[in-house]
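The structure is given below, and queries will be raised subsequently.
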Amino acid sequence: MVIVTKTDATEADVNAVVKRIEGAGLKAQVSVGERHTVIGVIGDKTVLGDIPIESMSGVDRTMPITAPFKLASREFRNEPTVIAVNDTKIGGRQVPVIAGPCAVESTEQIVTIAQQVKSAGASFIRGGAFKPRTGPYSFQGYGEEALKMLEAAKAETGLGIVTEVMTPHEVELVGEYTDMFQLGTRNMTNFYLLREVGRANKPVILKRGMSATIEEWLLAAEYILAEGNPDVILCERGIRTFETHTRNTLDLNAVPVIHELSHLPIVVDPSHGTGIRSLVCDMTKASVAAGADGLLLEVHHDPDHSMTGDGAQSLFPDQFETLMRELKPIAIAVGREM
Amino acid sequence: MVIVTKTDATEADVNAVVKRIEGAGLKAQVSVGERHTVIGVIGDKTVLGDIPIESMSGVDRTMPITAPFKLASREFRNEPTVIAVNDTKIGGRQVPVIAGPCAVESTEQIVTIAQQVKSAGASFIRGGAFKPRTGPYSFQGYGEEALKMLEAAKAETGLGIVTEVMTPHEVELVGEYTDMFQLGTRNMTNFYLLREVGRANKPVILKRGMSATIEEWLLAAEYILAEGNPDVILCERGIRTFETHTRNTLDLNAVPVIHELSHLPIVVDPSHGTGIRSLVCDMTKASVAAGADGLLLEVHHDPDHSMTGDGAQSLFPDQFETLMRELKPIAIAVGREM
Amino acid sequence: MVIVTKTDATEADVNAVVKRIEGAGLKAQVSVGERHTVIGVIGDKTVLGDIPIESMSGVDRTMPITAPFKLASREFRNEPTVIAVNDTKIGGRQVPVIAGPCAVESTEQIVTIAQQVKSAGASFIRGGAFKPRTGPYSFQGYGEEALKMLEAAKAETGLGIVTEVMTPHEVELVGEYTDMFQLGTRNMTNFYLLREVGRANKPVILKRGMSATIEEWLLAAEYILAEGNPDVILCERGIRTFETHTRNTLDLNAVPVIHELSHLPIVVDPSHGTGIRSLVCDMTKASVAAGADGLLLEVHHDPDHSMTGDGAQSLFPDQFETLMRELKPIAIAVGREM
Amino acid sequence: MVIVTKTDATEADVNAVVKRIEGAGLKAQVSVGERHTVIGVIGDKTVLGDIPIESMSGVDRTMPITAPFKLASREFRNEPTVIAVNDTKIGGRQVPVIAGPCAVESTEQIVTIAQQVKSAGASFIRGGAFKPRTGPYSFQGYGEEALKMLEAAKAETGLGIVTEVMTPHEVELVGEYTDMFQLGTRNMTNFYLLREVGRANKPVILKRGMSATIEEWLLAAEYILAEGNPDVILCERGIRTFETHTRNTLDLNAVPVIHELSHLPIVVDPSHGTGIRSLVCDMTKASVAAGADGLLLEVHHDPDHSMTGDGAQSLFPDQFETLMRELKPIAIAVGREM
């Protein structure tokens, strides 16, 4: 950490800061500039984390030097983390696909879609059993009943299950059915939930909060890792910006950034990242080209009768099948395979 | 709701949409324009909520006409909601003040600050027992022990208690101590928590999510109201924008907007809304002038030794006292009193 | 400036950076941390401005210590700049008001409004002669003809004139009529225009770009100051955020921030800052309470027949008059007067 | 346009609005809902553009149905616009590349880089002669001298020239040298400049404003088209969001969106869209996969000694060459060629 003083800071102010740093067992290095004095702090920054240096007299601001996440960082582990689920590896050469409807609506629906996405090459079936909805009057999912429908789809197709868990006390229940937990954008800062899945024994797909910086996202991953669960998969799903034509702004920059900062795999969800069916295929191709380690796609065989408004961003099964074929040469071009 | 068709929509497309609307028991009114056909939907829109009209063939987009929240709306209840807690009324002529440190650190600390803010005119002591922190290595609060310290401060001063609850299963515990629940910005979309405090028998201060639109915020309030708890107080605490000089951008526009759209009271938190001590007093004055129904302010007698980084935005007790005095004529000028 | 190296930077990398700094006549101070080496640069940072340090091998990033603006900074001039125009002082104890319609539409219109706002206490009449419009098919202003109408309004009322200039070659023409130039939000980065008004001999109201940081805004002011015109008045008019209910998010935090960083006066435009008539009065009060040095308000006696869409945010003359009265006690409460 | 009334609007209010619409020669269609009355307007909406309907009594808000741009729209022209410059076609099957340094620094520099990018497959050399800089103390470009250096590079390599024009009165001068004008992000709303290049006889690359919506961007294009210049190429270069790790957030969603809304070609600038050299290649691949009609890339043979800070986002010539090779299969996979 670097501490910058105000132009009118006194020597006593600087000394007080230095004393505080040294009191925490760290080393301080003072550079006197023309207007500002800069105090460098050397040692384990986490010790300083909760000391409100910025509140001290004469201090203008502090600037972090090292990233505040550790277990998630490339510095902690330089090799990419590869997560094996059933026969699929996430984070390796393959780019696995998780596909399915927004919500599980019936056994027939989820089995039908599972068969279709399986035959097109998907590795996982996704579908919401517990649905986070902006308003209380919207369909909130069929809960455990829906988990059983997913189980039926898995039995039928062999696809792994991905489904969302929304609150700590349902982690156990959802864990009985799912192969990977999904944590939604609205729960990226639900810290109790992060901790609870951190204690579970299954991979976790952690969606980026809709206004989370990449650093905050990695800190959310750190909550899970710190509890002992090493299998965190980040999911870029679009961020909130001023643009209103699309539902979200898909931030593909995040893909190479995460690959630089972290060893964790990152998958992309172009369905939520655009919110518009006609944009999904182009943005899926862009995701693979940017280096995504996997894809999350909404597919529905009858989106006009889906039970959530998200039908408008779901691909039809035949679109999905065509897309899967078109992705292959792009994956190969970037050293991957579908 | 108004449905706009694509320019190449066929008559069959329009008829299918109309049939769908009528099938839901609503009335459709078709206007054929030069390029687009517009279909107005008349009746209870919530019936339509989960029908994915946008997914239907020939549909370009849908545009809501009525707000998706009901119980929170001015249309549902035209009179402002006034919430009485102990001897204080929130939403009436008075502008009550909730003050205290970011986190409860010791009995001595919280009692000292409670006495200071009480003598300056505050009605509630605030302080975090359970702290939502961006990273797992930061101080997370003393939990129930801290609740007991708040109780001691209340016993000593008579101030009501405001403290945050972070997860559904702690609502009961926190409710044994607090006079008002606080729901933090990171939990505005923690829907299980919203529901749980909706079933509790205490007022809830609902902070705006850092990237929540006003409509989404009112929908979060709707979750609480829909469970039967009518005592929701909204709290503007700054939103996330591109500006980096301040920690957040305090959106005071939200104050008169909420007063137009809703009967619920709105309080303002200029401490988080700026993140910088030297800006807090000016923005507190602005909040009262904008019509805030209350204030949430961080005050610490020794911020340099506070246990969270938020010391940098805490007022010193003497600043707080001066501020309280300076607010009086502004409150009077806008027809209120401190 | 502080330079942070990558964790894998070599000693040779660090030496090359140091050599580069010293080659520019500056001093480098190296602190070797556990993971990163930090190199502090001492001396006149502007020398470094165009050296792409971040491009050098082993460099992770650079962090500025001193603000990149000089003439606009408090460090350059500690006393607030007070700008006298006719009999009005901007930046002193008084909070002058600039009021009028979005666009000048006729002599009758502008004279009528000028008389009304004058009698309510305004010091300047504003009105667009040259209008920046998002699309080419909207009314673009009556140009010089409108300037003459403003002149007539001035002759009739004695009010000073404020009107916008949009391009360098019209600075001279507009300058023949106006008492203060206005530079609009869409022209904050029109650097030729900034320079041209910097060479003119009249005060300039510089509106904040709709997505400009405070630092960029002060750098735009610096362009004007650097050409020799010391009379720059900053104008906060709302920024672009994700919120869609209001036209813009009025960033009142900017008022105390500018007062800390700069000696230049700052006025606020709550009309554009909200875009909704019913919000303007509350936000004007908030602006004065936050410490605004002046106000820019849209007033129209017949907004339903105004020639731009901005009628929806214009106050009626009687609302303006009431507002002016209601502002007085707030101004006094913050040590100012209307 | 659809007009929504307030819940308390009277019949007289509705009648006044209808009368106003009919007075403008348009047709009004009234739907009385349970809470709101909706008035549809049929006819040429541009007639209504400047009538401040929202200001009228009883009106809550207006909602546009048709896009406000015409000449730029797919509805005006359904076939993609293909722009031929020298031997290169932009908007067709080929994905041409414009490459070069941020600023032209010397004849040797620009000729060297031109030769390198030419041999790697670029079609145009880019380089700034007039540089828009955030602050007045940064290097502002060598002006006409630099234009001559570009001419030398063209003579040497046969590459077309792309360079920025910043102000109307330099359009003629720059036009004597350049093959395509570039309008920078800071000038997207410089309406005089848009008009001036609209009267020139050369293609214009119009960069998206850093906080411009797609609709505003197309309206800026409309300014150029409306003056008679049909050859507008849109350029996505990243937008401003809350994310601070990258310089901008590259909004690749804009590529398929523009292809849906407009017939104009869209190129992508991953150099500014990321601001970080190590991210550029991945994001260039993503751009091609998303359907970009061309690329704008910064390349510098000696970025450590470049004269602007943008060296940090410039590719080295060998990186550029490798990238050009790696793009080929991706282009083919999406039905294009490099």
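Annotations for the structure displayed:
Chains: A, B, C and D, in written order; residue numbering restarts at 1 for each.
Here is the rule we go by: a residue touches a chain if its C-beta (ideal position, glycine included) is under 8 Å from a C-beta of that chain, and two chains touch if they have at least 3 such contacts.
Predicted model, so just to flag it, every value in this text is computed and none were measured.
Distance from the centre of chain D peaks at B, each centre being the average of the chain's Cα atoms. For the pairs B-D and A-B, the larger set of C-beta contacts lies at A-B. With centres defined as mean CA coordinates, chain B is found 26 Å away from chain A. Once the centre of each chain is set as its mean CA position, chain B and chain C turn out to be 31 Å apart. Taking each chain's centre as the average of its CA atoms, chain B and chain D sit 39 Å apart.
Residues of chain D found to touch two or more other chains are 211, 240-242, 244. Those residues of chain D that touch chain B in the shared complex are 2, 4, 7, 29, 31-36, 38, 40, 42-44, 63, 65-66, 75, 211, 240-242, 244. The touching residues of chain B, counted against chain C in their complex, run 211, 213-215, 239, 241-246, 249-253, 255-257, 260, 273-274, 278-279, 282-283, 285-291, 326, 329-330, 332-334. Residues 20, 46, 49-50, 52, 54-57, 68-69, 132-139, 166-169, 186-187, 189-193, 195, 210-211, 216, 219, 222-223, 226, 240, 277, 303-312, 314 of chain D are the ones that touch chain C when the two sit in their complex.
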